[in-house]
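Order of writing sets the chain letters: A, B, C, D, E and F. Residues in each chain are counted from 1.
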Amino acid sequence: MATVSLIEYENASDEARAVFDDIKRTRNVKDVNNFWKALANHPATLKRTWESLREVMQPGALDPLMKEMIYIAVSVANNCDYCIHSHTASAFAKGMTPEQYAELLAVVGMASETNALATAMKVPVDQQFLAEAKNN
Amino acid sequence: MATVSLIEYENASDEARAVFDDIKRTRNVKDVNNFWKALANHPATLKRTWESLREVMQPGALDPLMKEMIYIAVSVANNCDYCIHSHTASAFAKGMTPEQYAELLAVVGMASETNALATAMKVPVDQQFLAEAKNN
Amino acid sequence: MATVSLIEYENASDEARAVFDDIKRTRNVKDVNNFWKALANHPATLKRTWESLREVMQPGALDPLMKEMIYIAVSVANNCDYCIHSHTASAFAKGMTPEQYAELLAVVGMASETNALATAMKVPVDQQFLAEAKNN
Amino acid sequence: MATVSLIEYENASDEARAVFDDIKRTRNVKDVNNFWKALANHPATLKRTWESLREVMQPGALDPLMKEMIYIAVSVANNCDYCIHSHTASAFAKGMTPEQYAELLAVVGMASETNALATAMKVPVDQQFLAEAKNN
Amino acid sequence: MATVSLIEYENASDEARAVFDDIKRTRNVKDVNNFWKALANHPATLKRTWESLREVMQPGALDPLMKEMIYIAVSVANNCDYCIHSHTASAFAKGMTPEQYAELLAVVGMASETNALATAMKVPVDQQFLAEAKNN
Amino acid sequence: MATVSLIEYENASDEARAVFDDIKRTRNVKDVNNFWKALANHPATLKRTWESLREVMQPGALDPLMKEMIYIAVSVANNCDYCIHSHTASAFAKGMTPEQYAELLAVVGMASETNALATAMKVPVDQQFLAEAKNN
C-alpha cells in the first residue's frame, strides 16, 4: 500500500491536471500510471519530475529503447520494485526482444559481480583508464 | 591500496598465465588490467570470472558498446570506483560519443531520482505492467 | 512472511518482556510493533537495539520529528520496506504535514540524482569543502 | 580524476555561462563548484539539474538547513563521496552545530542498522502503519 | 509477479533440461527452484550461472554453511527478497542454529551501522591496516 | 580528509578517554583506530557504538574470525572503504588464510550477481523456503 493517496484526474488540482494532460498526449495513453497519481499530491514535484523525464527520455544520441534498458539496469541496481516493473514493461512495449532482455540481465548480473570483486580488493585504477577518459 | 598483491605475468601461476594469455589475445592488448592481476591471487576465480565476462560481453542481440554503457550504469548505481573508470574508458575506446555519454548519465541520474520517489511512496505496480511483461 | 516467528508478550522470555514493557511505557502504547516481536527471538539483540534507538531518537539538538524525517530518508535510500512504512507513519503521528513530507521526498529524490551524477563523473572534491568541514 | 573535463567559465558555452551566472547570483559566490563545471559538458543537463536543485532546496515547509541535513543522510546512504563533502560543508555553512551533526550521524547509523535487521528478517508491516499513512 | 515466465522441465529446451538435471542430481532434489526456472528463458545464462554457483559454493577453505551465511549477509545488504528467503532457508537446512542466525544478523546490523558512520565522516584508513593487508 | 577532527587521547574528554582505555585493554593495543578518534567528537556515540560492537563481536555461536568475514561481506556490499580495509586487516590478523579470503570474495561476488538477477526478474519466492524458515 502506498504511503500517499493516488490522485485520480477528477480529484487532481488544475496544475496536476495540466501535467496529466501532457503525459497522456505525449504518450498517447488514456490514463497516467500510478507513479504520476502518487506524485500528484505535490503538483510542483509532479510537474518538475515529468518535465525532466520527458526531456531526458526523448530520442537523442541514444534511442528510446536503449534509454529504457539503461533505466532497467539502474532500477535493478537500486532495487526499485515499481521501476523494474514499469520500465521492463515499457522496454518490451518499445520492441525489446526476449534475447535483448536476457543479454541486458546478463550484463547487469556480471557487472554486479565484478563491482563487488573490485570493491572488495580495492583494485587501483589503471593509468590508461584515466588517460582515455581525459581524451574524450 | 589494494587488499591483495597485483600479480604480474612473470610471477603468475601457470593457470593464471593461461588466462592472461587469453585476455591479451582476445582484447589484442600487451598487458592485462589491474583487476585481472588482483584476481590472479586465486586462479580459479580469475578463470571463472574472465570466461563469464568474455561470454557475457561478446556481440549478440546487444552490441558491445551498448553493453559497456549498461555496465557503466550498473557500476555507477553500485558505486564501484574501479569499474566506473575502467568501463567509461572502455566505452569511449569503443566509440561512445560525448553526447551519448551525457545522455547515458542523464538517464542514470533521472532513474536514480524516480527510483527513490517510487520507493519512498511505495507506489503499487500498475496492472498493465504485469500483463505486458507476461506477454513477452 | 518473516524468516523468524513474531514473539508475542505471553510467549516472550523475561528479558524480552522487560524490553517490551519499557517500549510500551516509553511510547505509551498497548503493544509493541512487529519489529520488536521479531527481535525478541534474540533478547540480547532486542535489548541492545531498543536501548540504542531510545538514546538516539530522544529529543536533543535535533527534535524528534526532524529525526524521523532523517530516518525516512535513510530507509528510502536503503530501500527498507518495513522501515519506510513504520517511520513514515511515525513522522505523520509526530505532526509531519503533507507539505513537509512532499519536500522531504523531493530532497531525497534530488539527492539521489545528483549522487549518481557526481559518482558517475568522479567529480573531485572542491578544496573549500574540505576547509569548511575542518573548521567545524 | 574526473571522467570529464571541468569546464571553467571562460571555456563554457553561452548556455552553460547563463547557468553559472545564475548559480553565482543565487548563492552569492564568485565561482561555481566542480560539480557544475563537470555538468557543463552537457549544458542541457547542467540547466535542468540546477533549476531542479534550486527549486527543491529553496525555503519552504522545511528550512534550508533541514534540507541540507536530509541531503547528507541520503548521500551517506548512497555513499557519494563528493556529495558527502559538499553537503556537509554546506550544512556547516548554514549553521549546523557540531551537536546537530553528531545527532544526524547517530540517526543515520541507527537507521542503517535497523534497516538491515528488518530487511533480513522480512518483518511484516504492522496494520496500523498502513492506516496512519493513509489518513495523511 | 515475475517479469519472465517460469519454465517447467517439460517445457524447457534440451540445454536447460541438462542443467536442471545437474541441479537435481547435485542437490538431490526433485525439482529446481523458481530462480532456475526463471533463468531457463536464456539457457546460456542458466548454464553459466549454475556452473559458477556450483563451483563457488562447493566445500573448500570455507565450509558450505559458512558460505550460506555470507550469502545471506550480502543478500541482506543488497536487499534481495528472493535471495534472503532462499539462502536463509538453505542455511537452516544445512544446520544453522537459531543462535548462529541471531549472531549473523547482529553482525550484519552492526556492520551496516559502522559502515554508515565511517562513510559519513570519511575516516582516513589507518596505515597499519594497509600494511597488514599487504603482508597476506 | 575526514569531515571531523580525529581526537587524540590527550585531547579527548573524560568520557571518551574511558572508552579509549576500554578499547585498548580489550584489544590489547597501544592506540585506538581512526574510527574511534573520529567518533570521539561525540562521546555518547563513541560509547554506545563501542559497547554495541564489543557485545556483537565477542565469541559466541559464531567464532570471531567468522564474524570478521561476515563484516567484510557487508562492508563490501555497502561499499565502505574504511571498513573494507579495517575488517580485511582484522580478519587476516585473526588467522584468515589467503584461500579463505579468496573463497569469501568469490561468494560475495556470486551473491551480488544472483541478487541482481533475482531482483531483475522479480522471481517469486518458492513455498518451501517460507516453510523451512518458519520451522526454525
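Here, contacts are C-beta pairs under 8 Å (C-beta built on N, C-alpha and C of every residue); 3 or more make two chains touch, one makes a residue touch a chain.
These numbers were taken from a predicted model, which means no experiment stands behind them.
Interface residue usage between chain C and chain F, two copies of one sequence, is largely shared: over half of the residue numbers at the contact are used by both copies.
When every chain is reduced to the mean of its CA atoms, the largest separation from chain A belongs to F.
Relative to the C-alpha centre of chain B, the farthest chain centre belongs to C.
We define each chain's centre as the mean of its Cα atoms; on that basis chain B and chain E are separated by 20 Å.
The centroid of the Cα atoms in chain B and the matching centroid in chain F are 27 Å apart.
Within chain A, residues 1-4, 44-45, 49, 52, 56, 74, 76-81, 84-85, 88, 98-99, 101-102, 105-106, 108-117, 119-122, 130, 133 each touch two or more of the remaining chains. The touching residues of chain D, counted against chain A in their complex, run 1-5, 44, 48, 52, 55-56, 130, 133-134. Chain E contributes residues 72, 76-77, 79, 81, 84-85, 105, 108-117, 119-122 to its touches with chain D in the complex.
Chain F contributes residues 79, 84-85, 88, 98-99, 101-102, 105-106, 109, 116 to its touches with chain B in the complex. Within the complex formed with chain B, the residues of chain D that make contact are 3-4, 41-42, 44-45, 49, 74, 78-80. Chain F meets chain E in the complex at residues 1-4, 6, 33-35, 38-39, 45, 49, 52-53, 56-57, 60-62, 66-67, 69-71, 73-78, 80-83, 85-89, 92-93, 96-104, 106-126, 128-130, 132-133, 135-136.
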